[in-house]
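Here chain A shows up in two complexes: once beside chain B, once beside chain C.
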Partner chain A sequence: MNPILDVKGLTRIHGTECPSCLDMTGPEHDTNVCPACGSVVAAANVSFSLQPGEILGIMGESGSGKSTVVKTLYFDQAPTRGRATFRDDDQSHELFNLNGAEQRWLRNHRFGMVYQNPNLGLNFNISAGGNIAERLLMNDLNHYGDIRRRASELLTRTDVMVSRMDESPKQFSGGMQQRVQIAKALATRPPLLYLDEVTTGLDLSVQAKILDLILEIQHELQTAMIVVTHDLGVIRLLASRTLVMKYGRVIESGLTDQILEDPQHAYTQQLVASTL
Partner chain B sequence: MTAISDTPILEVQGLAKQFSLHAQNEIVPSCSDVNMLAFPGQLAALTGPTGAGKSSVLKCIYRTYLPSQGSIHFRQADGEVVDLARISEQDMLQLRRSELGFVTQFLHCVPRRPADEVVAEPLILRGIALADAVAQARELLRRLNVPERLWRLPPATFSGGEKQRVNLARGLIARPRLLLLDEPTASLDKATTGQVIDLLREFKQAGVAMVAIFHDPELVTALADAEYRLAPPRSLTQSTPALEAMQS
Partner chain C sequence: MNPNYRLPNSQDSYGFGFLDEFAKREIRRVILKAISIPGYQTPYASREMPMGRGFGTGGLQLTLSMIGPDDTLKVIDQGSDDSVNAVNLRKFAELTCPEVSTTESTTEASLIQTRHRVPEIPLRENQVLNFQVPYPDPLVIVEPSEAKRKIMHGEGDYARLLTKLYEDLVKFDEITISHRYPTRINGHYVIDPSPIPRYDVPRLNQSKALLLFGAGREKKIYAVPPYTNADPLVFDDVPFRTENFYDADGQRRACARCGCTDSFLDELNLEDGSKAWQCSDTDYCNRQLASTEAGEVTQ
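Presenting the complex of A and B:
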C-alpha cells in the first residue's frame, strides 16, 4: 500500500536562516535558538510517512516543534524547505509546490484539523451549525435543507445536542467546542485529519469521551490521522507508531509499544520514566 | 488433521537484548545467546530462572523490544521468510494484524469498551463485520467460563482471573499463525486452566505454532513439544540490528 502522506526534510525556521542555524541547535546543543543569529529552528529535517487509515503520534514537550509539523502540512504556516507528498486516490500532490488556491481546496475538501484552541478552528460569531455549514458550502452542498440535515447528522455523531446547533459555540463547554470542531473537520469525510493537542486542558472524563470518539471515527471511516500531544496516555491509546521530537528534531521513532517499553533515546527514557 | 511440518515457522538465532539506561549510565542485559525453533502445530516452551529473559524473548519477537543482537526469521503465510529483528515498522504492524498474536499476563485494552468488543477487536481489524466478530467473541468467552452478565461490561472492574480470560480470548480469537503466550494461565482456577489446555491443543491441531512461558511445570508437560531452557544473560558490546537496518 502506498502511503497517503510522505514528508521529507521538513524544516521551518523563524527568522533569517544563517549557516549555523542547523549545526548549532538541536537536542545536543540543548536549544532551538541559533546562537549565531537568534533565529528559532522550530522544525528541522522532519521525515516520516503515514499509511491510509493509520494513526501516527507526534510526542514532545512545548516548543519541540510537533505543532509546527501539522501546521505546515495544513498550510497554516509555510515551511522554510522540505517536501510533502499527499496521495489522494490516483492523484499525487506536492503540497508545498501548490498555489494558494490549490492549497485552500485541499484544506477545505481533503484535510481536517482540530486545534487545541477552539478559537482557531471555529468561528464564534456564527452558530455551531453554521460553522459546519460553512465547510459543507465549500464542498458544493448548496441546498439549505441538505446542509442542515448533514450538519445535524454530524453533530449527533459527535454527541452535540442538535437542539443547540443554532447557538454560538462560544456558549459551549470546552469539551463540546472540541466536538463541534471534530464534526466540522469530518464534514467532508477527509482521508487525512490533524489533531493538535485536542484533549489538553479538558477534564479527564471529557478527555476520555473525546478519545473514544476519535477511535470510533477511525474505525468507521478509516481516516488517517496525525495526533500531536505531550500526553503519553493519548499516544498509547491512539497511535500505532510514534515520533518523539525535541528542539525541532525527531529524536526517535518506532512502534508505540516499543517507544513506551523500550525507549532508546535518553530524553524519551526520561519522558517515559516520569509519567508511568 | 494435524499440520505438523518439518519447516520451522520461526527460527531465533543468537538473540540478545540489553537495555542502555542513560540516566543511570548503565547497561542491563536482559537475555542473550537465545537460539530456538517453532514449528506449525507445536508448542515450544521457554523455561529458566526468573531474570533469564523469557519475557524479553517474546517481546523481541513481537518488536515491543528492539533486539540488540541476532536474528528472528519468520516464515510468512505467503512463504517469504523475513527477519522480525529488521523488518520495517509498517511490515511489523501488518504481521501483528494478520499473523502474530501475543497474550500477556496483563490486559491492556481500550478502556470503557465492553468485554465482547475488546475480544472481537482483532477480527474487526481484519475486516470482519462487528456483529459476526462479537458473536465469535461471545462464543469464546463462554468457552473460557466468563459469566454472560460480564460480556457487555468494560473489563476494568473484573477480577484478575476474569481479565486474564478476556485477554486470552482476545489473543486467541483471530487464530494467529504464531502465538506468543506469556504466563496466560497465571491467575486462573483449575477448571479454566483445563479449558485453556483444551483450546491450545485445538490450536496445535489446527497448525498454530506457539512459543509459551508457563509458570506451572505441569502445563509444560501437558503441552510442550520442545523446551528451551534459558541461562542468565551476559552483557554485549554490539548495537541494535533494527536501528542499523533503519539507518541504512
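Presenting the complex of A and C:
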C-alpha cells in the first residue's frame, strides 16, 4: 500500500542561514541555535511516511520542532527546504510545489487540524455550529438545511450537546471547545488529520474522553493522523509508530512499544525513565 | 504616453468637467478594466474634489470623466432629484461642464449618477448608471486585512461571508442585511452594490444599462456590464427576499401621493404622529401622478 504522506528532508530554519547551520546544531551540540550566524534550526532533515489510517506520534520536549513539522505540512509555515508528497485517491500532490490557491484548497478540503489552543482553530465570534458551517461552506455545500443537519451530526458524534450548537464556543469548557474543534476538523471527512497537543491543559477524565473519541474516529473513518505531544501516555494510547525529536532532529523512530520499552537514544531513555 | 496628446489650450483655467485630462484618461482606462473583469474592484488614483470624500466623489469622478457636451445628466439621491446631495452635485456638473444639459427625467437622461437607488423605470442600453459607493468591499465585515481580502476575492472564497448569513438565519430566521446586499457578478466576484435596498438588487441582474460603481474615499471602481448575471448571495434552500411593503393586514401599501403599488416606498413621519408611505423615486412618482391626471382629463 502506498503511504498517504511521504516527507523527505523537511527543514525549517529561522534567520539568515549559513553553511554550518546544520553541522553545528542538534542534540550532539546541545543547541538548535547556530553559533556562527545565530539562526534557529527549528527542524532539520525530518523524513517519515504515513500509511492511510495510521496514527503517527511525534514526541519531544518544548522547542524540539515537533509543532513546526505539523505546521509546515498544514501550510501555516513554509519550509526552508524539503519535500512532502500527499497521495489522495489516485492523485499525488507535491505539497511544497503547489501554489497558494492549491495549498489552501487542500487545507480546506483534505486536511484537518486541531490546535492545542482552541483560539487558533475556532472563531469565537460565531456560534459552534457556525464554525462547522464555515468549513462546510468552503466545501461548496450551500444548502442551509443540509449544513444544519451535518453540523448537528458532527457535534453529536463528538459528544457536544446539540442544544448548545448555536452558542458561542466562548461559553464552553476547554474540553467542549476541543471537541468542537475536532468536529470542525472532521466536517469534510479529511483523509489526513493533524493533532497538535490536543489534550494538553485538560484534566485527566476529559483527556481520556477526547483520546477515546480520536481512536473511535480513526476506527470509523480510517483517518490517518499525526499526533504531536509531549505526553507519553497519549503516544502509548494512540500511536502505532513514533518519532522522537530533539533540537529539530529525529533522534529515534520506530514502533511505539519498542521505543517506550527499549529506548535506544540517551534522551529517549531519560524521557521514558522520568515519566514511568 | 501618447505622443500626440496635447494639454488643454487654456492651462490657467479648469478644463471641461473639472478634472484634468490626465485624470480623465486614467479613470476611463480603469473603467475599461472594470468592465472587462465584471465585479473586480479596480484600484485608481481618486482625485481630490472640491467636496469632502464621502459626499459622492467616486461617482462624480466617473461622471466627469465620461460626460460630453451631448450628454444629458440626471443626479439622484435616494431616488430624489431635489435632496441636498443631488442638487449640489448637479449644480457642480452644470458649473464645470458647459453645454451639458441636466434633467430630472429618467428616460431623457443619458448619464445618471445615483446615491443608493436604482430608478424605477427600466434603464436602456444607451444609458449609464454611476453609483456612489461608500464601502466597496463586502468582505470587510469578515476580514480586516485588505491583502487577505484580495486573495479571497481572487479565489472566489466567500465561505466566511456565507457564514455571516448562516449566523443571521440561526439567530433571527432571516438574513438581516437590509442594504449593501453582497451580490455575485458573472459567477465569480462578490461586490458590495453600494447601499441600495434589497428591492433594487434584482435590477442589477441582466441590466440593459452599464452599471458603474465609484468609491472615491476607498479609491476603487467596479462595474456590472450590460447583460451580466448578478446573483445575491443566498443558500440554495433560502430564497432571496426583497422588501414587500405589506401592512399588518397583508395589503401592499400604496404611495400616498400617486397611489401606485409597484415602487419602492419611503416611510414618512407626519406631523400628527401618523405614518405615510411615498415613492422614493420622485421622477417615477411625478410621472404616475401626471398620467392619472391626464386619464381623468380625458374621461
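Simple rule for what comes next: the second predicted complex is superposed on the first by the 276 of 276 C-alpha atoms of A that agree within 3 Å, B and C clash if a C-alpha of one lies under 4 Å from a C-alpha of the other, contacts with A are read in each partner's own complex, and residues count from 1 in each chain.
Going forward, a contact is a pair of C-beta atoms (placed from the backbone, for glycine too) under 8 Å apart; a residue touches a chain by one contact, two chains touch by 3 or more.
Nothing here was measured: the structure is a model prediction, and the numbers come from that model.
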{"item": "First (chain B), second (chain C), both or neither touched by A:258", "value": "first"}
{"item": "Touching partner for A:61 - first (chain B), second (chain C), both, neither", "value": "neither"}
{"item": "Partner chain(s) touched by A:273 [first = chain B, second = chain C, both, neither]", "value": "first"}
{"item": "Partner chain in contact with A:144 - chain B first, chain C second, else both or neither", "value": "second"}
{"item": "Partner chain in contact with A:23 - chain B first, chain C second, else both or neither", "value": "neither"}
{"item": "First (chain B), second (chain C), both or neither touched by A:241", "value": "first"}
{"item": "Touching partner for A:100 - first (chain B), second (chain C), both, neither", "value": "second"}
{"item": "For the chain C and chain A complex, residues of the former touching the latter", "value": "151, 154-155, 157, 159-160, 162-163, 166-167, 169-171, 235-238"}
{"item": "Residues on chain B engaged by chain A in the complex (per definition of touch)", "value": "19-23, 59, 63-66, 89-90, 92-93, 110-112, 124, 240, 243"}
{"item": "Residues of chain A defined as touching chain B within the complex", "value": "51, 208, 212, 215, 219, 237, 240-241, 253-255, 257-258, 261-262, 264-266, 269-270, 273"}
{"item": "Of all residues in chain A, those that touch chain C in their complex", "value": "100-101, 104, 126-127, 129-130, 133-135, 137-138, 142-147, 166"}
